[in-house]
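Both complexes below contain subunit A, partnered by subunit B and then by subunit C.
Showing the complex of A and B:
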């Protein structure tokens, strides 16, 4: 089962949303257009718009109102990816930045800013005044999440709790908001909005934990980047935390690398092997499964409807996806 | 005459706005709080809130409504300064970035994003639905202006027209919007809104041209950075364009530096001397004066009121300020 199979019936509307996103970033400026087009071509799962559409089915489905939240949500996500790239580039070429790469980074920063502004502009036209504060708040929390990730980077003394707090802001919140606003703009009842908001939050947690597992078990081809990239870049995720807990020798090695990443090298293959053997993958999977179960339980609050099937399937899929 | 003397009567309200700005960036996160506080301490002229307050006097002055545009406007300006710093740091330490400086840059980027989000959140609570799209549009244009500045950086083949287009987006637009929205949220008539919008635009142009003059005639102490910084960083402003036009030898030197700024050095003292002697300062001053005159003329559309005096004085001040 692939994700697209689950929401095949939404395909026509997803295409419409994609066209709208495309139209919005086709700015009246060549450099910006080039940067944005590059981003669009990169594609993505568009899971935030999908969650908006699925949640909107719990009320009066109105694509025009849906657009005014689904498009901003995807744009906010895209802008955050652009800003992540500013960072990633800087990392990869550590201390060896060319003027060319600097130019790219700066354009990337302002392209991200531009896309953020576009997102807020579209949301401002929603008929639901609650939409905008919710979106702004999500953006703020995302920024704090990113800053926490920077603070925690290369820091080996961190807890599972800190990790969970970070991914909550970084990922879960925007998916939660997608579900909540989808329900809101279709006039679903407050209890449905509440249930879907929490459904989205739990699915979002499972999504990020799975992502963090895949960084260690996926192939370079599946991931689009080398396995173990998170660790190399100093982002210590749950599987690494778990393995460090179980294996003091491994903790020592990771400590050494994290304290002096520019000098020390990391035996990535070996580290991945240790993490895999530590039972970390199963532990992380079981944590993700717990969140999936919580997500599914939130649906029980809502009077049985046929869209439950899709939301349940997606929750389960997200907890078990291979890439 | 100092700027503060012109709007002394607004001082109590400016203090209230400053407190509100402070409260808004005192985020519930230590790193973010540290970054924001640093920014607040840097101060600034707060000219955007001042223009909002002055313009609001043309209608029913309501500080609560004014706050919801003046605070976002200043926050947007602050966020853009934070993002400018990301760039400036990268420049100064060209190719020699330490992990520490990288940490700072990344935090700066997300701090800027956070402040942007805060700005949009506050604006979302305005009673005037037009506020938000106007602000978002201004943010978008600012981003395009920044990207244009990057594109035009180190580019000696550029025209006065390109320079003006750039500063329009980079500076004039946000001041124009400050005036326009100040009038709007105080219920001033559409013709007053129109006049103040254009007043702000012209004042903004004069403001940036004066800023660009000061970069060549100010002392390091007045500017807070070495004179000629714009030129060193490859930002070619009107005085430099003018001098290059008048002095082919100078153009050749600048060309050489701009084409290979990491290898070539720039005799900054000498370049400043040449620019000063070329008549560029007077030419730029006269251009700024033209914009000041246009700004003042816009006020004629508005039935004579006592606040004209302040707006006229500010326009004249901005065209002739020494730092």
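Showing the complex of A and C:
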């Protein structure tokens, strides 16, 4: 089963949101406009708007109101990807040239800033002023998380706790906020808002852990970037942490590379093989599964609605996705 | 400090909080901290004070504007950054993130103080700034590039001016910010792209801008006073530096 099969019933509204997102990034300047739509055309799971739509079904479902949070959430995600590609000096994303590669870093910076500003402008039209503290907190935390990721880059002395804290900010928060805001703008009860906020948080954690597993088990074609990219860039994720814990020789090799990445080379294929054989993939999978289970349990505290099944299926899918 | 805003203690409070908010010890180990423009603070505070609009928290609105400016200025550095070494790579990475972080702070601050109406004002200003940044490098003439450059430097203040009912001051505000850059009072990495780099050419442009500021009358005297006084000071310092 594909992810889109789970939320097929939302397809008409997702198409409307897609159109709205595209309409909103039509800058006056041709390059800014082309760059803004470039990433949009590369596709994406649109997982954040999907969570907003599903969560909004727990209250009064008004697509016009929902748009004012769903569109900004996707735009914030898009803008952060554009800037991430400058940070990572990435050439390819979703199988297409990145904006910084197609144009340059300058264009990528302006495009990201333009899209961020569009996102906040659209959110400012929401009838729910409570949207802003939630959204701005997520944006601030995302930045802090990314700064911490840079700080921890090429640092092998890291703990699982530090890794979890980082992915919480990097990924889980925006998914959590998507669920929370969907419930909020539909006027769902506080208990529903609370449950969905935490559902989104746990799903987000599982999503990132799975993403980090895929970096070692996926192919370049599936990933849209070379396998082992995280490790090459000095980002130590849970599978690598686990393998280093289990294999002192591997730790030594990784240490050597991380301490002098410009001089030392990393045998990526060999490193991936060691990580796969160390049991790291299963350990990470098990951790992701725990978060999926927690996510599903959060749904137990709210009245069962039709969309419960979709949210449960998405949580399970995210924990077991192949790419 | 060349701010002419009367309430010096308010500027002091704003400046202190600005530097507290943008302080990020790890980031500042690698990249310079943003610099607040006290004249911009004075102009914004004066407009907020004298506007008839209902504003509950002038301090937070002014601080938000200065944080957005810091974000935009920080990201301008990306265009001129070399990344041949590891340290330069890290500097570039943190420059991207610092700018994003300052943007998130402005949004958070406005969300916190309940001045949501300014989110639209600043969001639109940021969009215009980034459109203008794209155009600066493509302009066919120096005068066209300078027009776009003035938008880059002033859009935050001018959008606020339009919103608060000071539209007549916009041309002077734009020229004052240009003058600040031409005289070296404010650092701008875009200036070299926009205008001829020779000192004599810049001096001539500064004199033109100054002349136009002096010619322009304005409805609001305190705002007019700040702009005129800062322009006088900038020209005097330029002459002294000759």
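The working rule: the second predicted complex is superposed on the first by the 309 of 323 C-alpha atoms of A that agree within 3 Å, B and C clash if a C-alpha of one lies under 4 Å from a C-alpha of the other, contacts with A are read in each partner's own complex, and residues count from 1 in each chain.
Note that a contact is a pair of C-beta atoms (placed from the backbone, for glycine too) under 8 Å apart; a residue touches a chain by one contact, two chains touch by 3 or more.
Computed from a prediction, not measured in an experiment: that's the story for all the values here.
Colleague: Based on the superposed arrangement around subunit A, label subunit B with subunit C as either clash or fit.
Modeller: Aligned on subunit A, subunit C clashes with subunit B.
Colleague: With both complexes superposed on chain A, which partner does A:116 reach: first (subunit B), second (subunit C), both or neither?
Modeller: Once the two structures are laid over each other on A, A:116 reaches both partners.
Colleague: Between subunit B (first) and subunit C (second), which does A:137 come into contact with in this model arrangement: first, second, both, or neither?
Modeller: Once the two structures are laid over each other on A, A:137 reaches both partners.
Colleague: So, does A:289 touch the first partner subunit B, the second partner subunit C, both, or neither?
Modeller: So A:289 meets neither subunit B nor subunit C here.
Colleague: Contact-wise, after the overlay, does A:245 reach subunit B, subunit C, both or neither (first, second, both, neither)?
Modeller: neither
Colleague: Name the contact category of A:107: first (subunit B only), second (subunit C only), both, or neither.
Modeller: both
Colleague: Shared contact residues on subunit A, subunit B side and subunit C side combined as an intersection?
Modeller: Touching subunit B and subunit C on subunit A: residues 27-29, 31-32, 83, 86-87, 105-107, 109-114, 116-118, 120-121, 124-125, 129, 132-133, 136-137, 139-140, 142-144, 146-147, 150-151, 261-262.
Colleague: Could you pull out which subunit C residues touch subunit A in their complex?
Modeller: Checking each residue of subunit C against subunit A gives 24, 26-27, 71-72, 75, 78-79, 81, 83, 85-86, 89-90, 92-94, 96-101, 103-105, 107-108, 110-112, 114, 116-117, 119-120, 122-124, 126-127, 129-131, 133-135, 137.
Colleague: Sort out for me which residues of subunit A touch subunit C in the complex.
Modeller: On the subunit A side, the touching residues are 27-29, 31-32, 80, 83, 86-87, 89, 105-107, 109-114, 116-118, 120-121, 123-125, 129, 132-133, 135-137, 139-140, 142-144, 146-147, 150-151, 261-262.
Colleague: In their complex, what parts of subunit B are in touch with subunit A?
Modeller: 27-29, 31-32, 83, 86-87, 90-91, 94-97, 99, 102-103, 105-107, 109-114, 116-118, 120-121, 124-125, 129, 132-133, 136-137, 139-140, 142-144, 146-148, 150-151, 261-262
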